[in-house]
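Same chain, two partners: chain A is paired with chain B first, then with chain C.
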Partner chain A sequence: MAGIGGAVTTGRKARWTVLNILVVAYALVPVLWIVSLSFKTKETLADGNFIPRAWTLDNYKAIFSTTEFVRALVNSIGIALIATAVAVVFGTMAAYAIARLDFPGKRLLVGVSLLIAMFPQISLVSPLFEIERTLGLFDTWPGLILPYITFALPLAIYTLSAFFREIPWELEKAAKMDGATPGQAFRRVIAPLAAPGVFTTAILVFIFCWNDFLFAISLTSTEASRTVPVALSFFTGSSQFEDPTGSIAAAAVVITIPIVLFVLFFQRRIVAGLTSGAVKG
Partner chain B sequence: MAEIVLDSVTKQYPDGAVAVRDVDIEIADGEFIILVGPSGCGKSTTLNMIAGLEDITSGELRIGGERVNERAPKDRDIAMVFQSYALYPHMTVKENMAFPLRLAKVDDTTVEKKVRDAAEILDLTQHLDRKPSNLSGGQRQRVAMGRAIVRSPKAFLMDEPLSNLDAKLRVQMRTSVSRLQKRLGTTTVYVTHDQTEAMTLGDRVVVMRGGAVQQVGAPQFLYDNPANLFVAGFIGSPAMNFVPAALEDNVLRSALGDVPLTDRVRGLLEGADAPREVIMGLRPEHFEDARLVDEAVRAKGVTFTNQVDVLESMGSDKFAYFSLQGEQATSAELAELAADAGSADVPGGGVSLVARIAATSTAVAGEPADIWFDADKVQLFDPGNGRNLTYRG
Partner chain C sequence: MSHAVKTDNAEPALPPKAKAALSEGKRAERRLGLLLCAPAILIMAAVAGWPILYSLWLSLQRYDLKFPDRTEFVGLENYVTVLSNPYWWNAMWVTVLITVVSVAVELVLGMALALIMHRTLVGRGIVRTSTLIPYGIVTVVAAFSWRYAWTPRTGYLAETIAGGDPVLTEKIPAIMVVTLAEIWKTTPFMALLLMAGLALVPDDLLKAAAMDGASAWQRFTKVMVPVMKPAILVALLFRTLDAFRIFDNLFVLTAGSQGTSSVSMLTYNNLIKGLNLGIGSTMSVLIFIAVAIIAFVFVKLFGTAAPGGDGGGRR
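And now, the complex of A and B:
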């Protein structure tokens, strides 16, 4: 952040620090606010204090004591992971083909996948609802995984083909000359070099699936496949006079944690991959 | 170790473009052969076909007596060094060099030993645990060579392996490539566009142009007896001088004066069916400052007087540049050579000439000088098809 090495003057450093703090604060205040809310007791919820005066873990205990939330969390994790895995595997193969091979219909394929990415999702909700009800996919895991893969694939293909294109083709030729089968060349040379791209794509796809609300609310009806964002919207207090703010805040914090972990974990791999690369021969 | 035979090998792309046409080359076991030519002449395509990276449209490729047209690169047992080195960036030097052996499922102790040996030959022992990104250009080049030699393949293919190095290192690596090849005695096919590399490295040189082989021979033979204008102009630096001339009985009329035909030239011309208008080719070293030539020798050549445009002293000798009045020699071959050298649109009427003269010459730039050349060294070419009329094949 601070620019180039030791040649930075203190004045410049200070300016950058202030700017960084401003940006980070601007981005994090809403997050911290929800964290703060989740630790407040029912009585102090609406007191307007940023730092809770009375701390409590009751909100967390409450949400984890209901099957509603725990079940939704399991659904969310399962659906997002499966959709991510499938999209990344297919995306990797498709992107590799698009980046390396010349086949008839390549432009059409790229065009159609772009079209899917641009389609307003809301316009597909009703047809999908009808289709899934007819096929018996409504309110099942596959019922959510399939649309997620469909919409995540274009994204995956685009990011990954950009990465594949940066890997010099000569490396693959060299691997072939060194005695590798096409499969070995892909596994031992191309895949390790494309790993940062694969991880980046995995993060993006996972976030997309994890955050989705529209499909999740339209294509589910019970705990069997309801994901956390939807479950959150169904939260109520223990009586109808009770305010569920505290529970919602706690649930919101809980579903943020996997994303943060996911990014932090893979970010290391991404940085490691990029620095060990030096792809230029 | 094996001989490689290309039997009228042709490469045609689906769009109909022919990259390589009917190439016949027989490469003996242990021979160091150079494919040379301007960019787009098909030399790299030829190499890729030998490697198996490109399909052969027609013709046959035999390695060690066996037809290998249909074999995948990995089944041909040949190693290749790429222009960009193509080192695997995620592996250390050691892993890079061990990669072909690992794929061949060689056991660990043998891998270790072979990599050590190769590293020793190439002076890479202290760099074995580094990543390619931390190596200099010359070191990367050596790692690429190392990866090729560990496997002791039947043949080495090298695709302009030195062209990414700076000039000084290139000369140094050139000698070490040559030494390495002599030491290992492995059949080597080396592609370059640099005629100096072609002259200095190879046992034999294949000059290519527009997908076709122009001439195959030892470097010195190609230099002394180019089969056509293209080879004559491509091999040699500075390039051969070309002057238009009219062939009359026993004499050539040119901008350099009347050149008598010597017995050698006349003998070679007989039966060559020479046209009247020809192109006269003269190597720069066949010129000399007339004042430094004995009377007796001077009689065997032609002396002309012209202003020296530029005089470059190389220490050991001097290069004198002249512009002659008159028409420039024109032919398809020469136009292509000029385009390749990037001098196609350099303006300059008349014929430009380079003479290599002794360092003791007192010629001065901007002043006229008397220059002599050896009439017996003249080569004559047919401007229509570029054929060398004085070719001693």
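And now, the complex of A and C:
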């Protein structure tokens, strides 16, 4: 891979290092900026300096002492975890069927779920707003979990069926020869082999749910189900003269932590998950 | 006792079962397939299929939640109202502008980033890990970072690049900032899809081209791009449809003021702020149609293969 233009020289290495530093800076500067804001004191918040002149934890203490933020954090975590769990379980079942089994309507299912993945979410917001108000789901956890599952399912089915195509299916045949039913072959042999793919999909789906803003701001109205991205956009200082910048920055950093952890520990998996399906088609 | 029963059953059952096994197995497979897909199908039908039909119905009615007793069927009146409204067309042009500019820039930047991630000799893990941060970070968080960066006095960009001007309060500069925020966030996704395409370019082919005296640029345009074409088209399709529904960045950065609304933003304002379900649904349907047209153009004119489709295993 390295050898197209010649041997690996220190000059080439240096050039790559410079390019890499540029990429890392591109990716991290906006993130470091919000981190920096979150540690600035009230007095230095508006000094325009990239690195805080005076450091403080006050912004973090402030947001964790409000129910507005803590409740939103609980909502975000709960809603994203439940939606992820359901979407991954149902997505795994469907993707297995699509990758392995022959049944009528299979192509239609793939086509329709692709359609949903491409769907403009706003098109669902209008009818869901009305339907959820009628059914009493508006501003509840299920009211957000359901649309999240719906949009996560195509992503899950798509990623998982790409993973499932790579599994050595002879093992399944062997299991069936040994007398296992298709159901048993799925549970005992294939499911453990598929676990890494399922795990990767879960991360991608969680990031999707964690990220959502449009549904969360349209289908909630109180702290009962408001998630952090929405709560952030409603943050005001404790008095009308107080600037919410510090609190917003601190809350923003808090909800970025899980993303950073996922990326640090599962970089390889996430890259594999995002690219697996895309070029096979 | 139980032992006797077992052998009793097994002995006569074997010969006929062997004959019926195939069709029986086939039927079991079909049943299992439908059974496994049933929950996914039911949810998608109930939470996506039914609402989209319902919004078609709502779009044909005068339905304002502020005046619920004046609700009535008005046919295509809402469509006439929306399509003759300058705000709608302004939002449409803003959306198209942001979509075209951001996707075009992302294709170039994303290709560069993909080449770096694919070919770098040092620190591949670090590059890939940091590239995933913009992809994974919550859009609202990134948008706030950009907003404060461009806020006069507070921000590092406002004081240096913008010279202290409030760029977010003027239409064209604000749209540029929103587009930049969109580009920053989604270029890595584009790059990852392109990188997957790069992995398909055979090294031997590149070496052969180099031997024949092709320059780096020729190797890129004559060898890499043709091989990568399907991946490029899929990446473009994904990002175009995604950019077209831009909402989060706009909401935080400008809230649609100074005529910077996208179509999603305008629909949201009519629906949630204005509580006009009829008009909101009409806009929803129109956006859906616009997205369908974009997808159709990509698939029919450019021949973008449906990604992840059933054809994957066979090709």
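One rule holds in what follows: the second predicted complex is superposed on the first by the 242 of 281 C-alpha atoms of A that agree within 3 Å, B and C clash if a C-alpha of one lies under 4 Å from a C-alpha of the other, contacts with A are read in each partner's own complex, and residues count from 1 in each chain.
As a working rule, contacts are C-beta pairs under 8 Å (C-beta built on N, C-alpha and C of every residue); 3 or more make two chains touch, one makes a residue touch a chain.
Just so we're clear, the structure is a prediction, and the values are computed from it rather than from any experiment.
Using the contact criterion defined above for the overlaid structures, shared-chain residue A:179 touches chain B, although it does not reach chain C.
Once the two complexes are overlaid on the shared chain, A:171 sits against chain B while remaining clear of chain C. With both structures placed on the common chain, the touch criterion links A:218 to chain C but leaves chain B unconnected.
Once the two structures are superposed, chain B and chain C can be ranked by residues of chain A touched, with C on top. After overlaying the two complexes on the shared chain, residue contacts for A:109 are found with chain C alone; chain B is out of touch. Looking at the shared chain after the overlay, A:193 reaches chain B, while chain C stays out of its contact range.
When the two complexes are laid over each other on chain A, chain A has residues 181, 276-279, 281 in contact with both chain B and chain C. Of all the residues in chain B, the ones that touch chain A in their complex are 51-53, 72-74, 78-80, 82-90, 99-100, 103-104, 131-133, 140, 147, 151, 157.
The residues of chain A lying in touch with chain C in their complex are 1-5, 8, 12-13, 16-17, 19-20, 23-24, 26-28, 30-31, 33-34, 37, 45-50, 90-91, 93-94, 96-99, 101-107, 109-114, 116, 118-131, 146-147, 149-150, 153-154, 157-158, 161-162, 165, 181-183, 207, 210-211, 213-214, 217-218, 228-229, 232-233, 245, 248-249, 252, 255-256, 259-260, 262-264, 267, 270-271, 274-281.
Against chain A, the residues of chain C that register as touching in their complex are 26, 28-30, 32-34, 36-37, 39-41, 43-44, 47-48, 50-52, 54-55, 58, 113, 116-117, 119-123, 125-142, 144-146, 148-149, 153-156, 158-159, 184, 188-189, 192-193, 195-197, 199-200, 203, 206-207, 210, 216, 230-231, 234-235, 241, 244-245, 247-248, 251-252, 263-264, 267-268, 271-272, 277, 280-281, 283-285, 287-288, 291, 295, 305-313, 315.
Contacts from chain A toward chain B in the complex involve residues 168, 170-171, 173-181, 184, 188-189, 192-193, 276-279, 281.
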